[in-house]
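You will see two complexes here that share chain A, one where it goes with chain B and one where it goes with chain C.
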Partner chain A sequence: MRFDASGGDVQKEYIMLNIKRHFLPYWFIGPSLLFLVLIVVYPLGFSLYYSFQIWNLQISAVPLGPAGLTNYINAINDPTFVQAFINTIKLSVSVTAIEFIFGLGIALLLNENLKGVNIIRAILIMPTTVAPMVAGFLFRYLYYPDGLISFFLSSMKIPLPQEGILGNAATALWGIAFTDIWEWTPFFAIILLAGLKSIPAEIIEAAQVDGATFFRTFWHLMLPNLKFVSLIILMIRFMQVFNLFDIIYAETMGGPGTSTRTLSYNLYYRGLVEYNIGYASAIAWIMIIIIAVIINIFIIFSFRGKEL
Partner chain B sequence: MSLRKVRLSSVKYTRKVLQIIVVSLLGVLLLASLSAYAQKVTLNVLGVQDPWFFALEEVIPEFEKMTGIKVNLEGLAWDALQARLTTSFITKEKGIDVISVDDCRLAQFAENTWIIPLTSYIERDKQSVKMNEFVPEVIYSSCTWRGDIYTLPVATYSQFVMYRTDLLQKAGLQFPPTEPADWWTWDKYMEYVKKIDQLGDDIYGTVIVGAQPVPIVHMYTGLEVNKGVRWFKHFPEAPWDFTPTVNTEKSINTLKYYKELYKYSPPESINYLWFDAGTAFAKKNIGIYYWWSPYGYLIRHAGYMVEEPSPIVGKFGVALMPYEPGEPRIYSLGAHGLGIPQYSANKEEAWKFIMWATSKETQKAMALTHLHAFNDFAREPLFQDPELIKYYPWLPTQLYTVKQANGKVSRPHMALYPSLEGFYGLQLNLALAGHKTPEQAMADAQSQFELILKQNYYLPYKGLSYDDTLDKTIALIKKLSP
Partner chain C sequence: MKKPLPTRILLYVLLGIVVCVFVVPIVWSALLSIRPSITNRTLPPTLIFRPTLKHFYYCFVKPGVSLNWLISSLIVASSATLLSLPFSILAAYAFSRFKFFGRKFLMLWYLSLFLGPPIVFLIPYVIIMSRIGLVGSYLSMIIVYQTFTIPFSILVIKSFFDEIPVALEEAAMVDGAGRFGAVIKVVIPLSLPGIIVASMFAFVFSWNNAVFPLVLSARTTKPLPVGTLNFFATTGITWNYIAATSLVTMLPPMLIFLVLGRYIVRGLTFGAIK
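Up next is the complex of A and B:
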């Protein structure tokens, strides 16, 4: 603090400067925060409010009054709810795990600086650029008994259901899973490759000089260094697959029967076909609660002792 | 200040003022011309991308030339269209002037006053509209709600049978009839299917649509209405009683029949959407099937709305649906009608467009566009036009099916239809896939119908019933005819 004859002015100036410094970050993040509130908080609040209201556009253009917990009870008592929940969890866990394993394998290969790796990387990312709905329609016809995928599998003597992969309850969900795996494994590969590239080369070289095998290097050096990136991407991708809808819509519409019906498909049907806004809002909030619980448990166990 | 300086500054001032006046005048002129340009009306028309949409798209320049009204025609897939429309209704969007209304949504749109009745417009312009040309069954089934006309039909779909002439000949079977015949029953149809199926490994007797929740209902209800199955105790005649009647012996037997048809279909048809069945008939060796009438012309093409002909051109015929002895001959009917949203700012222009698009002349022009992929008429003279019969030889058969149709019975157009249809389709698909017996499926359909109807105050129904009969529609049409 500078002392001079006009000590009071200096103090005022100092206080103003501190205030500006304190609030300046908020001025910068303010617009983004406002945007976030508008596109996230407001719709969440809107749907939470209407999940406790009777509002079915099939019978009334306006809400008919409070419903209490009726929408939630009806959503859980829906004959398709249990199967939809099981399918959602099955899909989320298996697809995320498979995409991670394959993505990591591809990342390790790309990390080897093989010839033509840049071209391979460019080709690899292409499936991720295809809109999921387009991928869904593409694979729908590839899975037909006379489609390309069925042809390849048959020529490898793999028995296929006569209804086609998507027409049989035992294989339909895997058909959907494969479409998603085809599309998003490159995403895992690219992110994990970036993670691998960030590991200091000296550590790996030192291990190799010390005679460590590839497996030991991978297990003791690479994987621990990839842990943080891996957990983040697993978490994000799990949430995305939990909400998967477009591929299901394009390929099976939740059938045959309820074998590929998921919570998000139920939400779509109640909200955008039946226009039962109250009911659909309740389903949305049930999904939010389920995924929030799962993700929080995941974070607690995965990031114990570490700040996110 | 010297006099010279005063004069100079005065000139500068005047120049400045003059500049301001000129610029202001130019600005006003510009605004006026922009405003005049903006006043030229543009109609925003939203429709589903069925064949009628593409045919209409080709002939719209005629309307624009005739009226000076610009038309912005936008097509969407069915689901996307419903979502867009519903959002626009809730937000009271003024920017949509004409919409295509699927008849199964008419009750919901009308009850919520999202679209306006057209009855008064028709009465005022009866000389141009010529209601007497419309087949009354179409107006009744697809355009009216509680005694008012809300839409005029731009595309009307009935159902008929399509068959492969070469496969039937190979099987030694008589071609099915194009006029009512007592021998053409559903039992006979099944005989045909089985006999054709035996012709070879790569030959299927028939093809069905199995995808849930909606596509299977469209095909199944065409069968069940013929077999005397009804969804409710008393509808659409008053008093309305929505007690479900889907768990009956007739209903269970119908589902068993449909399952039997599936045995002679390509196995993957359990997942077939609407167009898949038509594509399969056009490309595989399938003997006989029944479906919506647009497939009469769609199967002539190798793909949806493409020029390339399919392999079966010249090798198929069209016939009437079979009937069930002891039951009335009733066929399913669906339609897209053009209506005016409540919040449109251009209702008069919208009405002009609807009159034009549904007129005899425009519908004929749509049928004669280069693809010849539209004959979904609702005006009777068009079914009898020799120029059109040349391209669509099954028009007389189609007219019969339209006149025997009752869309309000085959797929009851009440406000909760979408919810009921979704659950019904799921049960049908579960039965088809073998996950439930027909008895279980129908029992579950019945109990879920009851639950949905009770939850939404339809059971018991406490609203106002309307005695919705064909005779009333005929009387209304007479009143609105020139």
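Up next is the complex of A and C:
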């Protein structure tokens, strides 16, 4: 009897230990997970609920009842929303591509054995450290018809709109794009340069001794080595430009008219200028769905078969 | 292999152009902060003027309108960084050392939190914070910043934990320290540089954030980028004050990046690239 009981105790203890082991990781993950669920999942659930309600804060302090899919249908049929969507795609595709190409070019340039390259690398990261809102202020000043950029462009005989680069619906979006390109091209350059430096110098030299042209070395040796790095930073930047808000707020406030509204700015405007909470929540959820799809595509491409 | 002279000259010219494009806007705004306002918008732009510090004096000494925003920025960014640390160190340890159900999903979820649009949180946060009476407080911003500081710090600190051999903490555990003891006595001291790097980035991201304080801060709690917007509204756009305040906003992140040196790549890619 006594023997049995103590045997049972040992077994019980063993099981408890196993449960402890099994749950151990969750003790470490738990605090951050609970906190993030509280500050991420709860607010998003909150806006999912109100996206199916009629609620404009200018009319009523409380929701006026269920709206079904009305908010979603109104959003998709709203020409401003469609325009914001097109602007967002235009910006994120072109800006990311341009930043990547220029960044790669600068990385290759800095990879050459030139004097002063190390100092220049340290200086070059400066634009990336600037708060996007502040970068917006700086360029708003530079884009004035009497600002430095306009002065430079017109002295090169490039025709500019009289109302300034940001005052014209045709050029304002490119003004915003250029601000972002200025800020983040160094980011691509610095990271791609680190990728280039990680390729052993002997391999490159061996190829050159064997008579490989610069283009062939680049295509067959450097580019394959940059693939993972490139995917990661393209993903990061594409998403950040897709969510672009600060620069637009500082430079144009979505104007002139609605010509530079992106999805983010349009959401801000509908929700916190017009106070149409139900409608803006629906826009938020349309955005979340679009972005979830894009992020998943990126993740499948970049982390396929990779240990995390 | 040395390149022929014409090629080298061409490369130096290109290098010069690159430096000009990326540095001139910053230098120009620095000049704007010390030029007499009469030379702000002349055509052609005025290069020679008598520099003055009176704009900085107005912004930060008397009446010092920007000083208040500077203090808010410091409070919010450093508290947000400190608050994220205990959460992220623990989670980073679990991701680095254990295999458990949902590990990969959680890591990708944290990554996507960092890539997702901050703007979708704006409306629910304004409403929730006003219901619990926190709108306009430092605390509301500090809490909201955790949506990016915690996932970011977890991913970066994890990449540093991965480099510490497991044998070291196993030795500590054999010597009688528990799992938590081993983390505190062995893992954290050894990866202190990593934790500092993660904190510095978390600080910069919080410092540079303008989306959340745009709606969550009140007159007395505005951080620098949002406070600067005031200069656009009052009596015409006061560009010299904007430049002086912007310069002070830009300086800490620049200095931090200068100190971070080779860790910049790891931080900016959330630990994915070392």
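Going forward, the second predicted complex is superposed on the first by the 266 of 308 C-alpha atoms of A that agree within 3 Å, B and C clash if a C-alpha of one lies under 4 Å from a C-alpha of the other, contacts with A are read in each partner's own complex, and residues count from 1 in each chain.
Everything below uses one rule, namely that a residue touches a chain if its C-beta (ideal position, glycine included) is under 8 Å from a C-beta of that chain, and two chains touch if they have at least 3 such contacts.
These numbers come from a predicted model, not from an experiment.
When the two complexes are overlaid on chain A, chain B and chain C occupy overlapping space and clash. Judged by the touch definition given at the top, the superposed model places A:223 against neither chain B nor chain C. Contact with chain B, but none with chain C, is seen for A:257 once the two complexes are overlaid on the shared chain. Using the contact criterion defined above for the overlaid structures, shared-chain residue A:297 touches neither chain B nor chain C, since it reaches no partner. Contacts of A:162 after superposition: chain B is touched, whereas chain C is not reached. Shared-chain residue A:151: touches chain C; no touch with chain B. Counting the residues of chain A that each partner touches, chain B and chain C differ, and the larger count belongs to C. Contact with neither chain B nor chain C is seen for A:101 once the two complexes are overlaid on the shared chain.
Of the two partner chains, chain B is the only one touched by A:59; chain C is not. Of the two partner chains placed by superposition, chain B and chain C are both touched by A:272.
Once the two complexes are laid over each other on the shared chain, residue contacts for A:132 go to chain C alone; chain B is not touched. Note: residues 144, 272 of chain A belong to the chain B contact set and to the chain C contact set alike, using the contact criterion stated above.
On the side of chain A, the complex with chain B involves touching residues 56-61, 74, 79-80, 144-145, 161-164, 166-167, 169, 252-258, 269, 272-276. Residues 1-3, 8, 11-12, 14-15, 18-19, 21-26, 28-29, 32, 41-45, 86-88, 90-91, 93-95, 98, 100, 103-104, 106-108, 110-113, 115-128, 143-144, 146-147, 150-151, 154, 179, 204, 207-211, 214-215, 224-226, 228-229, 239, 242-243, 246, 249-250, 253-254, 256-258, 261, 264-265, 268-270, 272-273 of chain C are the ones that touch chain A when the two sit in their complex. Of all the residues in chain B, the ones that touch chain A in their complex are 79, 82-83, 86, 89-90, 108, 111-114, 210-213, 266-271, 415-416, 418-419, 422, 426, 429-430, 432-433, 435, 444, 448, 455-458.
On the side of chain A, the complex with chain C involves touching residues 24-29, 31-33, 35-36, 39-40, 42-44, 46-47, 106, 109, 112-114, 116-117, 120, 122-134, 137-139, 141-142, 144, 146-148, 151, 182, 185-187, 190-191, 194-195, 205, 208, 228-229, 232-233, 235-236, 239-240, 242-243, 245-246, 249-250, 263-264, 267-268, 271-272, 277, 280-281, 284-285, 287-288, 291-292, 295, 299, 303, 308.
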